[in-house]
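Before any comments, here is the structure.
The first chain written gets the first letter, and so on, giving A, B and C; residue counts start at 1 in each chain.
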Amino acid sequence: MRKLVQVLVLGVAAAVAALGLAACGGGDDGGGGSEGGTAKVVIGTAPDYLDPQEEYTTQGAEADWISYTPLVTYKHENAPAGNDVIPGLATDLPQISQDGLTYTLTLRKGLVFSDGTPIKASDAACTFERMIKVNWGGKSFFTDNVEGATEFDEDKSDDISGVTTDDNTGQITIKLVKPYGAFTNVLAFPEMGLVPCGTPEHTLTTDLPPSSGPYMITDIVPNKSYSVVKNPKWAGLNVPGIPVGHLDRIDVTIESNTQTAAQQVLNNQADNFDAGDTVPPSLVSQVRSQASDRFEPVTIPSTFYFFMNVNEPPFDNELARQAVNTAIDRPALQRLASGFLEPECFFIPEGLAGHPDGECPYGPADGHGDIEKAKQMVEQSGTAGQPVTVWGEQRSPRTEYVEYYTDLLNKIGYKATPKIISDTTYFPTIGNAKTQPLQTGFADWIQDFPNPVDFYLLLTTSSIQPVNNENFGNVSDPMIDSTVAKLEPTPTPDLDSVADQWQALDEYVAEKAYVTVYGSEQVPKFFSDRIDFDSAVVHPTYLNDWSTWQLK
Amino acid sequence: MAVDRTAPSPGKPAALEPGFALGDSAIQGEAGVGPYKLALRRLRRNKTALAFGAMFVVIVIMCLCAPLWANHVAHTTPSANHITDEITVRGKTKDVVSPEGIPTGPTWTGKFFLGADANGRDVAVRLLYGGRNSLEIGFIATFISCFFATVIALVAGYYRGVVDGVLSRTMDLIWAYPVILLGIALGTALAVGGLDFGLFTISGASLWIPAIIIGVVYVPYMAKPLRGQVLSLREKEFVEASRSQGAGNLRIMFREILPNIASSIIVFIPLMVANAILLEAALSFLGAGVQAPNPSWGTMIGDGIRLIPSAMHLTLIPGGMLVLAVLGINVFGDGVRDALDPRAEVRIEH
Amino acid sequence: MARFLVRRLLAMILVLFAISILTFLIFETIPNGDPTVRLGGRNSTPETREAIRKDWGFDKPIYEQYGITMKKIFTGTVVSYTQQINVVDEIKRDLPATLSLAIGAGIIWLGFGILFGVISAMKAGKFTDTSLTVLSLIGVSTPVFLLGALALWAFAYKLTIFPAGGYVPLTQDPWGWLTHLIMPWTVLSVLFIGFYSRVLRSNILDTINEDYVRTARAKGLSERRILIHHVLRNSLIPVVSLFGLDFAAVIGGGAILTETVFNLQGVGQYAADSIQQLDVPPVLVITMFGAFFVVVLSAVVDIIYAVLDPRIRLSG
């Protein structure tokens, strides 16, 4: 009898222990991290703006994306899932008419801003109007496509005729002037994050509108610091797909000396080194060895290339352009980037549908280039000895890229000189048709949204303009124009069905050597040991997703 | 202005004393020897000044020999990139630039004697060519400053009145603008567009741009004290004497007054060269001086500061060279000042 | 006295006016410096740019633009091109760092400059003098940003004694304020100590040979009394005037290099950043502010001069 009791007691004890372990092990709020707490972020470059309709940099987006939610938004996940659009403040993804010209959405019921005011359908219309009135840098994505938007922009009408809203039903209807397959992505821009009607239509610097997301931005000292704190009203709204956030508060300090910033994170005095900054080359090996469990380079869909003007000698000559592509040593550029560059030769970056996975036409992407062969090609083309001006930006490593490229051009037979100008004036300068000479130089493009049309607007004839040109090489090829026109109306979720056509186009562009692509950028995912590294998301477009952070 | 001033203003060397230029050697105690010969003799006795002056000359010669080093020892040019090259040093092969972007330090052999920079360029070659540029800018800027300061001082001090008013106020204006800010503003503005004089243009990448900017910025530094001297000199008897003999204004300015301020000008020259080299370094460090691809000590230091913890040589080498050059010319300039000031002798005995 | 003040005031206004025009003109010549395109952003449409041009008045002739900007400056409403932040507010935020740097360094460099200058003069020609002279010359020959970068590396990275740059307000954390400023103070002072000690040395040596000093010695006054009451008092006059101008220049943005290397976010750094970004409004305000300080302090210095030296007072 005693033995039985002993066995029974042991058995029960074991069962209890097993249950206890099971309870502790699984079934938690995912990841096993804790709730609440504060984190400290050091950012090297201040956000251009914190105003939700104005900002156009990743630094600004990081704060605004989680504070102002658009009608649709992106999954809060790493690539590739992070490229998928999900409903934001709308109940569902937009219903698109058969001809691709009408988009219908319905606002979720019961939503409120952080100050308690209800969110209405007309707030969406006000947000679009504000975005146009404050002259957001990307507003052409909207004004080029939505009916009546250009007239509104030119002050010819009081509102956008193509946008109608009904506050009673919560319905929002948008009419386009042409079918634009990426329009859902346009609606997902953080700059379309809803703000209340009546928000002043000029840039706000310290007094931002009430928030419509999991966090809100407070305590702004321009160029020095700001914070985001939890929006108390958000959790109760139960918006699916958008995290409510774990941390209570995130304090951001601008520390322009990236050496100091990296050191602070390495020593756990700060929690995050912003992904928009570059880890100073001298600290990279130290960081890699000392912080191997909390540091990782993440490739983002971006294309770094040298543009070549096809309207000016020597690059009006296709053989000359091919020579450059033959000579280029992409690993050299990778070293100049302290290793934070993935060598690539195709214009559509990896991670995007349509990225060719075949061989590069003029030598492997990770090869060191063939200078001798390139020299012969230059000789053959008859352009040898011509003077070439190479434009570049001042900041590192971009100025180093251009110095390498200039030397390369000299090695293959040209008389190249660099022209390095301040970052602020760079794109306005090379985008101005009056700039002479405009032969070649640095360019880059980081995806606005995961659709190849975003990249191909840099290569179409219709995008060439005398001021603020983005097609720096003045590439004008009917094959490109017609293919893009054909593929443009394909809605983003259906991209896979046309991926092979994009791929074929991209391979064609690489063969014609219209540009010299050398790589995609990698950003640092770098945390202190307080933050749970694995659950922190680096979004392919908006980089650090603060709403996914939690303390260990 | 203040922050980048190097050596002290020359004070007022007694070489100002009227009659000095007339060789009143009775005061000096030696019959029939001109004042400049005396100064030279004093200078020759100042071993420290001579030593440092020689150091400066050695640096200049080294920099002039840049092409020799580049072609026969290092076998490369100042802008040739060797990023993915490998070199063999004492049997071991290593990357010129590591995959993480860290360049190699000094190899003490022909190639990459003093190491490589982030773009895989030979530091020793760039140091010498950069030195040529820095020194060239220093000398051209000094020439510009001296020339304009002298002319302005003479004209303003002699004619006085409205002419003086306008010139002095212009000097005040340039001087009130903090030197560095003016340098950066002009440097940034002109680097992009260059200077267009109608007849000829200077490209934004030319070395003439920083030279002209530095030259112009330092004109008031020299012009103001010189003008003061001219003002007092013009009241002296020998000027009146000359005028009563029928001499015209120009003749008086250049034959009578100029020789008397000559020693001040001579004292200023080494100071200005030192100032110019330092200002060029500061402007290049901030990106408003010498433009790529031209190397200069300032741009090399600016580039090197980014990599200080892992590639000290990129900062220490051009920095050290710069300090030695400026020190050399400062000590020598001090010696020149002492030599031209006869009371120095009295001082030492005291 | 009153006439003196009035004349100085007029001169100051003229200088400020001229400086603002000069700055404006410098930036006008920059090609593609047109802020319209920058303000519009990368994808701006022609409509956007037209709107910006009208809003900011860039379509008006240059003298009108100048007038508009100056009016904005004097009503305190001028905003920068880059982030449309109120420039005057930003300067107010940056001023404590610059003031802390300037005042602290000023005390150090004046103190040590005078000390070394006196020692050098008293031991003129001997070993102490020569070594102090060489040290001063080294200090004066070393670019301040080089010294700063090396100091940062040695004392902030290799041996983590001091923090690696940045500024902590005195009101927030007095000890942090101090530790953050020690290196910048030292680095900035080195240059001036070298300079001032040599100026003082040469002035003292000049004064010692003056007749009235010889008379005082003949009268039987102690060497020490002579030094302090006669020699030093007269030698310090030029030093005081230099100090006034240098101090004003540092506050007005002259310490750009120190502030940039140590990332103090002071007025000088703000000016340098603005120039590089071709952001005209902050540059205008800061250069005027700096010039204002220089003129005011130089007037103050002249007054002190007049007090110290009756000969100047009498000659007016």
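The rule is short, and it goes like this: a contact is a pair of C-beta atoms (placed from the backbone, for glycine too) under 8 Å apart; a residue touches a chain by one contact, two chains touch by 3 or more.
This structure is a prediction, so every number in the text was calculated from the model and none was measured.
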Per CA centroids, the chain at the heart of the structure shown is C
Between A-C and B-C, the pair joined by more C-beta contacts: B-C
Report the inter-chain centroid distance for subunit A and subunit B in whole angstrom, where each centroid is the mean of the CA atoms. 48
Provide the C-alpha centroid distance between subunit B and subunit C, rounded to the nearest whole angstrom. 22
Roughly how far is subunit A from subunit C, centre to centre by C-alpha average, rounded to an integer in Å? 42
Residue numbers in subunit A touching two or more further chains are 259, 394, 422, 425, 429
Which subunit B residues touch at least two other chains? 188, 192, 287, 308-309
What residues in subunit C touch two or more of the other chains? 30-33, 157, 276, 278
Note: in the complex, subunit B contacts subunit C through residues 1-9, 11, 48, 169, 172-173, 176-181, 184-186, 188-189, 192-193, 274, 278, 281-282, 285-288, 301, 305, 308-309, 312, 315-316, 319, 322-323, 326-327, 330-331, 334, 343, 346-348, 350
Considering the complex alone, what residue numbers of subunit C touch subunit A? 30-34, 37-49, 51-52, 82-85, 90, 93, 157, 164-166, 263, 265, 276-279
Quick one: in the complex, what on subunit C touches subunit B? 14-15, 18-19, 22-23, 26-27, 29-33, 124-125, 130, 133-134, 137-138, 140-146, 149-150, 152-153, 157, 188, 191-192, 195, 198-199, 202-203, 205-206, 208-209, 245-246, 249-250, 252-258, 260-261, 271-272, 275-276, 278, 283, 286-287, 290-291, 294-295
Where on subunit B is subunit A touching in the complex? 79-81, 83-84, 97-102, 118-120, 188, 191-192, 204-205, 287, 291-293, 306-311
Quick one: in the complex, what on subunit A touches subunit B? 259, 280-285, 329, 331-332, 334-339, 368, 392, 394, 396-397, 399-400, 402-404, 406-408, 410-411, 417-422, 425, 429
